[in-house]
Amino acid sequence: MGDIRFGIAGLGRLGKTHAMNIANTISGAQLVAACSVVEEELAFANNELGVNETYSTYEEMVNSPNIDAVCIVTPSGFHTEQICLAMEKGLHVFSEKPLGLEIEDIERTVETIQAHPDQVFQLGFMRRYDESYQYAKEMVDKGELGELTVIRCYGIDPSAGLESFVKFAKSNNSGGLFADMAIHDIDLVRWFSNKEVNRVWAMGKNAAYPELDDANELETGAAMMQLEDKTTAIIVAGRNAQHGYHVETELIGTKGMLRVAAVPEKNLVSVFNEHGVVRPTSQNFPERFKGAFLNEMKEFITCIKEKRQPDVSAYDGLQGTKIAAALQESVDKNQIVDVN
Amino acid sequence: MGDIRFGIAGLGRLGKTHAMNIANTISGAQLVAACSVVEEELAFANNELGVNETYSTYEEMVNSPNIDAVCIVTPSGFHTEQICLAMEKGLHVFSEKPLGLEIEDIERTVETIQAHPDQVFQLGFMRRYDESYQYAKEMVDKGELGELTVIRCYGIDPSAGLESFVKFAKSNNSGGLFADMAIHDIDLVRWFSNKEVNRVWAMGKNAAYPELDDANELETGAAMMQLEDKTTAIIVAGRNAQHGYHVETELIGTKGMLRVAAVPEKNLVSVFNEHGVVRPTSQNFPERFKGAFLNEMKEFITCIKEKRQPDVSAYDGLQGTKIAAALQESVDKNQIVDVN
Amino acid sequence: MGDIRFGIAGLGRLGKTHAMNIANTISGAQLVAACSVVEEELAFANNELGVNETYSTYEEMVNSPNIDAVCIVTPSGFHTEQICLAMEKGLHVFSEKPLGLEIEDIERTVETIQAHPDQVFQLGFMRRYDESYQYAKEMVDKGELGELTVIRCYGIDPSAGLESFVKFAKSNNSGGLFADMAIHDIDLVRWFSNKEVNRVWAMGKNAAYPELDDANELETGAAMMQLEDKTTAIIVAGRNAQHGYHVETELIGTKGMLRVAAVPEKNLVSVFNEHGVVRPTSQNFPERFKGAFLNEMKEFITCIKEKRQPDVSAYDGLQGTKIAAALQESVDKNQIVDVN
Amino acid sequence: MGDIRFGIAGLGRLGKTHAMNIANTISGAQLVAACSVVEEELAFANNELGVNETYSTYEEMVNSPNIDAVCIVTPSGFHTEQICLAMEKGLHVFSEKPLGLEIEDIERTVETIQAHPDQVFQLGFMRRYDESYQYAKEMVDKGELGELTVIRCYGIDPSAGLESFVKFAKSNNSGGLFADMAIHDIDLVRWFSNKEVNRVWAMGKNAAYPELDDANELETGAAMMQLEDKTTAIIVAGRNAQHGYHVETELIGTKGMLRVAAVPEKNLVSVFNEHGVVRPTSQNFPERFKGAFLNEMKEFITCIKEKRQPDVSAYDGLQGTKIAAALQESVDKNQIVDVN
């Protein structure tokens, strides 16, 4: 089989990452088309990445006879429609998370995807493709931790972005802390445990920016979730980590515990200075998950070539969104919410 | 003021620790009396620690004219009665946690204690006197972490003791995981936050020893608590840490985060061997909190000499027990429980 | 400028790494030719990497009109001759370290290279292109450590390979521990300090395999070197790290200290198990320096396109070899040796 | 046997530490006498520690019939004479390091000590009594590291004290960096290896304070030493650690490596703030070796009671001083020096 020919939709920060990976780094793939409503992004695709076909609408792009697959990196509200359209055109689809914003839309989309089992669909839960997470998953699957009893997932954005988020939140809806950020952590809980979530309680507090209360947003939130086998999952999500980008996962099992990125080490350097002994830290998701973004796209391409589906499915996207919605409802009511 | 003369009640593992600290290590104190129902323990006190007065009953000991203070390290069920008796005899009282088992008893005991404001009363929440916890508390109080938003406390006993606990639990009532073990973590939450707990949800799972279900005991449990100012407190308690004795506390604030014993380092040694790079770990509470047990007793003695009360009060004991009871009720009902 | 077309010489373990990087991963490069005396290696190049031109001799390959550059990954004894031949053919040359085995040969080769300033020459000191080392170098160059006073470099191979090395050493000459292994550390000393080495003393000990004494090889060796500005450089080289592949560098300056890979962390995972708290470790150089091998080749290609020379020069190779030779002489004499 | 009654000579910073340990903390000992030329120090002993007998001369104190043992914490130049005098008076002697300043004096003192085998003599190499060092020593002695091949010892004082040292050095002789500071590291090398040092090379550099060149002092120095069994010992000594008090020891063996205080952790706290993830560090020797100072004195007292000699002998002091002298000679000549 020859190179997989991609069209990319959306060329913002993460879109550019995917575009460059497809165009320059991954063997067996070509980036032949791009669509965006931003002129400069198309110029970038054309000039820097050698993309020949540029489109101002997604519909035009998916009609191109020259593409085998699309990579969707548009705003979340467009995902379900764009996924369905590509599926109907016979294209393989890689879509950034979340699958969509409304449960009903997502359910229809999952049906559409499942109706095209010969086309590969992959959702951008890239953490599953990070080598530290893969190492952890392998240990769990081999039974080296025994049976899991507690899973703890932290996802805290750097403080550097908090002020601009506060401004954004005054006139926009992020979807809420759990849908916007903890969605990755929710997926990790399901992935590591192979279990579904039954009941949740979530809460949060706006301490640095109390005005976030008015926007129904949370600076820092936490949740406890009970899985179907009584395993406890704990989530902390936030937007105010002074030390950088803090994504940490802990697995407690009957035979041992494991932590991924308890210290979000930037590299292998330690500095001994007037502050003490310092480990520099990752500052943002492109830095932390650089390898994971590459690996997930390689996996997508390999799945197309090997005619199989990836580990992460549309159903995972649906379940993640359902749980995130339950967490938000729990915050709003300050009560336990049953999922389903 | 001369040496403070102690009588000690109970000379089990922790009793011996206190007895040796008072008799041998702390200046300004003498151990002059001991009571125990175990003959060998009294012989130990006499022969090894030079204790002159040994008694088979607590009542006899508190009638001795030669003691200024008692140190109570008897089974939890005796605490309230023994505290009250000593208070009425005009003695200063150091009592191991918990203050008692029944809320009503504890409330009466708190009243008795408060009716004798010139006698020092201190409860054995020794973690407050550990130097790492004191360093953390000082940072919090100086505002170096900003306003706290999340507090996470782990207290997990080593797996080495699990099998014998399972046997014990078949015919005894430990009081439950939260009252027996998380009581220290509950106190840390209140101490660091200076806030009370409003609502709690707790759960747990018996994976290695499912027979603990029958004993209504938990091998591993978790709880989320909402404080009066919306701060979230997360607790994990357990009896199955393969690597040793895992007591860890995390404080997340608007200006920074802090962890005490994220790795429960035994000492300053790292070993590079076929397992990787290994930090040996603390194996039990006498090892981990050796310095804290010493410091708390020094503080008790200093309080007597300086005629003041310690930082940790009978009220702290009452509140801790109330919260632990709410956690247990929450486990039993699998529902949120309001404290109070 | 179009893609840089490569011929590769040698397709052993490291040769394959370079070949796959050029063929599959790095944009702007093609692998068009390969030479090897091993039939299977050529078949691999042809079948797996799509290399069209395969040769059994280096001379044939460099006569191909279709290549712009060679990547030399042959046994060390061939390097100088192959470099000179490629240079004379007008090709850009990337050569694995060492530049050569004999100082005179190397000096002639450096002259040849310098006589072709329009062709890019780069030596495979890949550590300079590792992101942790680059972070460290940037800190040093910005003055964040002040003036350097001590540099410590460890390079210890995993014990896993020691037994086979002992067999190898009985009938082969590795060049000695310092030329074979510490050459990278010597380069780091010169790179970080921007200073030359004046005097050295080296020693070593064969404890696990005393029979290495007969082969004039060292299981573990150490050296102290005095740089021209009195900075001390300390080197430990070895073949017996039970925990894996230990490459560590320390920089002590007047304003701070820094360590690269004090713990050779494999990834971001910590495991809490019966051994203690364990950081898994890198096991070999392809794992540890995967990114560095990629980055150095990208830099080579960029240099060709931008018509400039890389940071690491043929002169660096010459100086490194001179110092390694002085270290070996010092071991043999158990005396200080002056470098030039 | 009753309490051991001590006289202490010298009540400076370290003298006070020993005095308080003897007077207040260690059971089985009493501080009954003190001598000092500083009036305030004697007042402190009398008022704070309840010392009844205070003397302005050492000679008077050792004539007191009320003391069993002396603790010598006077300036180094007085040690040999004071040790001999106490020995001749039949007293047990604990002396701070170094044993003395001149090899001949020390040799005579060792003879005097050896002529009184029934009196306990102990030298203040307190690191041997630190619990991390004891853990390491036990591992070595059990063979868990196999045969040692390299020992690396760092002893670097905090930068905080450097400026005042520079002033001091202009008109005083510290004895040199190796005798003044590395003496503890030299002792560790001998203790861990059970081997003597054969040959040494030492050097150093004054970068922050070049004026130290004139005082023949070193801000940062390093040494390599060859032991009788070819083990390499590496020493770095300095006065300019920005992060605090850095005492680190590494043991490399055929079966594993071990580091004591690779990060000189102050406590179990990690701080996650704008600098990264920070481990606070020990700031000075009283903080770092608080437990060791206590343990060594307990051991001295136990030795008296059990009528045996401690692990650290006068001979260890002699050998340490010989090696330190060889290191200084090596710096002065910039040549290898053989130790005898």
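Lettered A, B, C and D in written order, each chain numbered from 1.
Note that in this section a contact is a pair of C-beta atoms (placed from the backbone, for glycine too) under 8 Å apart; a residue touches a chain by one contact, two chains touch by 3 or more.
Protein identities per chain, from UniProt: A, B, C, D = Inositol 2-dehydrogenase.
Computed from a prediction, not measured in an experiment: that's the story for all the values here.
Student: In terms of CA centroid distance, which chain is the most far removed from subunit A (Inositol 2-dehydrogenase)?
Tutor: The chain farthest from subunit A (Inositol 2-dehydrogenase), judged by C-alpha centres, is D.
Student: Suppose a student superposes the Cα atoms of subunit B (Inositol 2-dehydrogenase) on subunit C (Inositol 2-dehydrogenase); what rotation angle should they report, nearest 5 degrees?
Tutor: For the C-alpha superposition of subunit B (Inositol 2-dehydrogenase) onto subunit C (Inositol 2-dehydrogenase), the angle is 180 degrees.
Student: Using mean C-alpha positions as chain centres, tell me how far subunit A (Inositol 2-dehydrogenase) is from subunit D (Inositol 2-dehydrogenase) in Å, no decimals.
Tutor: 56
Student: In whole angstrom, how far does the Cα centroid of subunit B (Inositol 2-dehydrogenase) sit from the Cα centroid of subunit D (Inositol 2-dehydrogenase)?
Tutor: Going by mean C-alpha positions, subunit B (Inositol 2-dehydrogenase) sits 38 Å from subunit D (Inositol 2-dehydrogenase).
Student: If a residue has to touch 2 or more other chains to count, which residues of subunit C (Inositol 2-dehydrogenase) qualify?
Tutor: As it turns out, subunit C (Inositol 2-dehydrogenase) has residues touching two or more other chains at 241-243, 246, 255-257, 262, 264-266, 270-274, 280.
Student: Based on which chains touch which, is the overall arrangement a line, ring, star, complete graph, or other?
Tutor: Topology of the interface graph: complete, with all chain pairs in contact.
Student: Would you tell me which residues of subunit D (Inositol 2-dehydrogenase) are touching subunit A (Inositol 2-dehydrogenase) in their complex?
Tutor: Subunit D (Inositol 2-dehydrogenase) residues touching subunit A (Inositol 2-dehydrogenase): 241-244, 246, 263-266, 270-281.
Student: Could you list, by residue number, the parts of subunit C (Inositol 2-dehydrogenase) that touch subunit A (Inositol 2-dehydrogenase) in their complex?
Tutor: 23-25, 27, 131-132, 135-136, 139, 144, 255-262, 264-274, 280
Student: Residues of subunit B (Inositol 2-dehydrogenase) touching subunit A (Inositol 2-dehydrogenase) in their complex?
Tutor: 146-150, 152, 199, 201, 203-205, 207-208, 219-224, 226, 229-232, 234, 236, 238, 240-243, 246, 252-257, 262, 334-336
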